[in-house]
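A short worksheet on the structure shown next.
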Amino acid sequence: MTEPQTHHPNPSGLKRVAVLTSGGDAPGMNAAIRAVVRTATHNGIEVVGVRRGFQGLHEGDMALIGPRDVANTIQRGGTILLTARSHTWRSPEGRAKGAQNLRDWQVDGLIVIGGDGSFHGAHYLQQEHGFPVIGVPGTIDNDLYGTDHTIGYFTAVETALDAVDKLRDTGASHERIFVIEVMGRHAGHIALEVAVAGGAEEVFIPEDAKPVDGVVEIVKQSLAKGKASSIIIVAEGYPGGAEGVSKAIHEGTGQETRVSILGHIQRGGTPVSSDRVLASRLGEAAVYALMDGKSDVMVGRQGGGISHIPLHETWEKKKDVNRDLYRCAKTLSV
Amino acid sequence: MTEPQTHHPNPSGLKRVAVLTSGGDAPGMNAAIRAVVRTATHNGIEVVGVRRGFQGLHEGDMALIGPRDVANTIQRGGTILLTARSHTWRSPEGRAKGAQNLRDWQVDGLIVIGGDGSFHGAHYLQQEHGFPVIGVPGTIDNDLYGTDHTIGYFTAVETALDAVDKLRDTGASHERIFVIEVMGRHAGHIALEVAVAGGAEEVFIPEDAKPVDGVVEIVKQSLAKGKASSIIIVAEGYPGGAEGVSKAIHEGTGQETRVSILGHIQRGGTPVSSDRVLASRLGEAAVYALMDGKSDVMVGRQGGGISHIPLHETWEKKKDVNRDLYRCAKTLSV
Amino acid sequence: MTEPQTHHPNPSGLKRVAVLTSGGDAPGMNAAIRAVVRTATHNGIEVVGVRRGFQGLHEGDMALIGPRDVANTIQRGGTILLTARSHTWRSPEGRAKGAQNLRDWQVDGLIVIGGDGSFHGAHYLQQEHGFPVIGVPGTIDNDLYGTDHTIGYFTAVETALDAVDKLRDTGASHERIFVIEVMGRHAGHIALEVAVAGGAEEVFIPEDAKPVDGVVEIVKQSLAKGKASSIIIVAEGYPGGAEGVSKAIHEGTGQETRVSILGHIQRGGTPVSSDRVLASRLGEAAVYALMDGKSDVMVGRQGGGISHIPLHETWEKKKDVNRDLYRCAKTLSV
Amino acid sequence: MTEPQTHHPNPSGLKRVAVLTSGGDAPGMNAAIRAVVRTATHNGIEVVGVRRGFQGLHEGDMALIGPRDVANTIQRGGTILLTARSHTWRSPEGRAKGAQNLRDWQVDGLIVIGGDGSFHGAHYLQQEHGFPVIGVPGTIDNDLYGTDHTIGYFTAVETALDAVDKLRDTGASHERIFVIEVMGRHAGHIALEVAVAGGAEEVFIPEDAKPVDGVVEIVKQSLAKGKASSIIIVAEGYPGGAEGVSKAIHEGTGQETRVSILGHIQRGGTPVSSDRVLASRLGEAAVYALMDGKSDVMVGRQGGGISHIPLHETWEKKKDVNRDLYRCAKTLSV
């Protein structure tokens, strides 16, 4: 095995890229920014950092950044480029202004780190102005088609799991039922993983149509099995959420439960290794994609390799939850 | 310096003690149970573990436990003896039954690990049946007079602080205001410590009568100083809680805020060192107190030494928050 | 989407399985044991737990275990079944004794959680006595062919990364070079992942033949780039280890370095979610494999699906490190 | 209770202070710097930050810093001002140059955050040049007379304890003895606290003259009690260290042990709440002390209040370990 080749061919003649983070922040976004900056620099390409997402792109809030600017950021939560939800970007005029700013800065391509809302924004820029854009999946929800995981997902799972472990201490000591709501927007990925890893008795996800009433039977069985305490995980996208499940249990069994809605802590914190590595790989891949002349695609990771998925597919195609994991959650709650 | 003397004189002729945990669970309770069991054993005294607090004492749910039963428990959250809130203990008949169970088991003294509700239960047992009782302060709220800190407080602070650090990542990335509610029942100890350690811009505690409207001015000043994001800590005992503070900010400044109510995660988790050490010292001191013939007192730690405070004083006298810390919180939010 | 089917067909008529952990312990082994116990129970199969690995199998140190015995263990490091390195198992006589014990206990199949040494032991049992055996990859080193990851690897990486983050604090404050040795036996998987996630300036793995002298040039370049501090990761399997690399730097550049050998802490701790989920999936798959009549194979996870690899291939075939990751480590240390 | 008074009288007419960190870095140093900057600013006083300790003071590596410069630093390990060990400062000429730099920058007083070596440096500056200096105890070793705790101690204990918890997982699974060496220079504070909190079977500290041979008897007793695994804590200042203890055990009992030397990870990491609060209080107190006209003293915390101890006493007087804790460690290892 020899030293790896780290210089990538540059047939598109890329000289300067811009990078921004948009939408909800996710742990690992800084690692992705760092990877973009360092990969570009290593290949002789300059990088412009855009602050506050598309809003900053519209306003021209941008500056050149170099490898030292991203030193000591790989372990930090949040995003050093800041993020925002932009209203002006929703209008063609707003996007035209942003396109002009990119041209004024002599930028040859834009890398957008974010979720499906952010990818829409990038897609329109490409469609309306022919500007090369690459999407990097950065969201804790893991709800983008075309990549096994999204940046931030692993850390969000770990944070939620840590909370579940803590609540189990109290649940077991008091012989109580805890109904815990985790994030994930319209998807049950976080809920499912946390349910298996947290040894939950039951999990409710938006992808399964089962009625909340069913939980009554489960709780009764659980009590009958001699389980004095229970952990029930509910995805925020499940109709009624944790409060609804709690109410159903109370009405059906008379059992009191404690509801815990984990909320925004799931977005923050030092990214775990899996998110840092994923972000590093995808940040590198995003620069390579622009160098290769690609545009209007998301770089993702599938089965260990890098995928390039048309941006519109990332939100049009449905990413299913892992059904094997769902079965596993059921089996192991015996 | 010579090897320390670890055998304590036993003028009261103590032969067998019982121990229970009661009320809300707190990290470090297992370390306290372990210390009671090992100190007693080391001094030739047997230990009866009572399960589910006073409810279990009433029902006779108890068993002998030895040093090996508490091996590998010092790092565990919750309580291996379980805890419960007992209705039967509120009646003299309920307590008489419990006293009889203790006598049937030939127990010479009872150690109760819990908060002020639990200490009331212990006090009545002593008053009505002359049964020797010792209280060990185990509650995350730190609201008991006569001890600098209570078991569980340090871990709860650390858990809340970890959440604040995570929320700051998101707050800073989105330039948002976070209003975070921490536990503490009627007291502001946790809130104050978390505010200083978390670098909060403002803190609201029940001990200070300041109106919530004042926060409006503070937020305006903060924005004027160029602070794009803010962390505001609210004790659950402050009138209106985090929701009230958030509403006041919105009405007074038009600024949107995010509310995060940390909830029960603050009760769980592996106890931090300070809680394990405090629990170890107080568990040892509780056994020594019974051996010395003391009763109806709480063992606490004050300025490094062990205190013995009449149980009724622990709830009748008011423990103030640390005013120096309160000033410090203000000064450092400049 | 309907409720998943959790009952597996049982053409082999499996009635009772045994499970043991062997070799070095790894975080997530308890989650794997739990999954074996609960999957078997759910399918009407009994489980015998063997203590202290093959040594206990030889000695007949075994007992029936049920779903409640594994409650509240999924989050615990180490292995509740204990582990040991067995000398008696190396002889055919030792193994014959173990086979007899399994028959005496009416066991129909054995599940062995461990690394390649343990798989050798299982393989011989199958070869010499025709006893059905299934291997579950449990080792932090991730050095088994046929599975993308091994149980314990993710947690070991996270523990090592946490240490690297801490050392970087000191390294940056003192403008020092830290040379950090991580585990991995003869493989560089942990080192590579930690290097990328930890933002290391350089990484040395046994899979690459590059001479340690090369580091001198790298350190000189790093200093020239204005990097005041550096993190260098060395796999324990790299010739000379961290001490050798440190010595080479000192001799070549005159720069002093600090060496940190992380050691056994990498084996312990609460397993992270990825290890718990992997262990849950593989524990379930191991029981299914025996029910399906399979033997002498390891169950692994490849690209999201379950693989069944002949045991001898797991050690005969070479699992390469991720070369993309290796390149990425180089590129991002710009 | 009314709003606290946060403006401090300034009879000395202090207008500008300098602050530096020196010696080994400790978690919480940034919180102390932040407290100095914000307390000074709040009272209308300017702050000069000196980089790389006395070395930077000698070289004039300094700049004005304001409240925004220390935003978002309270949770960071290491020191943003960097630290170094200075050779030039050991000569009167070196110190004269530093004094001149301070006068050139119109600084009225210097705050030095560090351990006893750093306090020596500050003391000489006061003695030789009459320059007002205040020491802030920043060292993980907790070995300074005149303060109950030093900044960084609590975090170092927590980091070491986390490692002990992890090693116990492996120790228990393999039924092994772990001999773990923790930091503390010539003092046993960290070792003692970790031993109690970690439930160690034995602890060796420099303050106790007991011969290492004694451990043989202890290990034999431990084995006789049925303890299959053991944790033994050794302070780095104990003659022979962990290796010596391990050797003695092997020679005396034939038992093999695993040695783990935790090393520099104990210096890094996000500071725990207790360190951040202590640092905040002492940073504030240091500015107040200069405003009050004090000099050549260390600000410490004793029994909840602020102490002012002549610098030379901090190293001349001996701070004993907590003997109650030492006894407790013995009692609870029953």
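Some notes on this structure:
Letters A, B, C and D mark the chains as written, and numbering starts fresh at 1 in each.
Assume a residue touches a chain if its C-beta (ideal position, glycine included) is under 8 Å from a C-beta of that chain, and two chains touch if they have at least 3 such contacts.
Just so you know, these numbers come straight off a predicted model, no measurement behind them.
Centroid to centroid, with C-alpha atoms defining each point, chain B and chain D lie 28 Å apart. Here the CA centre of chain A is 37 Å from the CA centre of chain B.
Once the centre of each chain is set as its mean CA position, chain A and chain D turn out to be 39 Å apart.
Among the residues of chain B, those touching two or more other chains are numbered 165, 168, 172. Chain contacts here close into one cycle, and each chain has exactly two touching partners. Interchain contacts (touch definition given at top) occur between A-B, A-C, B-D, C-D. In the complex of the two chains, the chain C residues touching chain A come out as 1-6, 34-35, 38-39, 41-42, 67-68, 71-72, 74-75, 148, 154, 157-158, 161, 165, 168, 172, 193-194, 196-199, 207-210, 225-227, 270, 272-274, 276-277, 280-281, 284, 303-304, 322-328, 330-334. Chain D makes touch with chain C in their complex at residues 21, 25, 27, 52, 76-79, 82-84, 159, 163, 165-170, 172-175, 178, 258, 260-265, 267-269.
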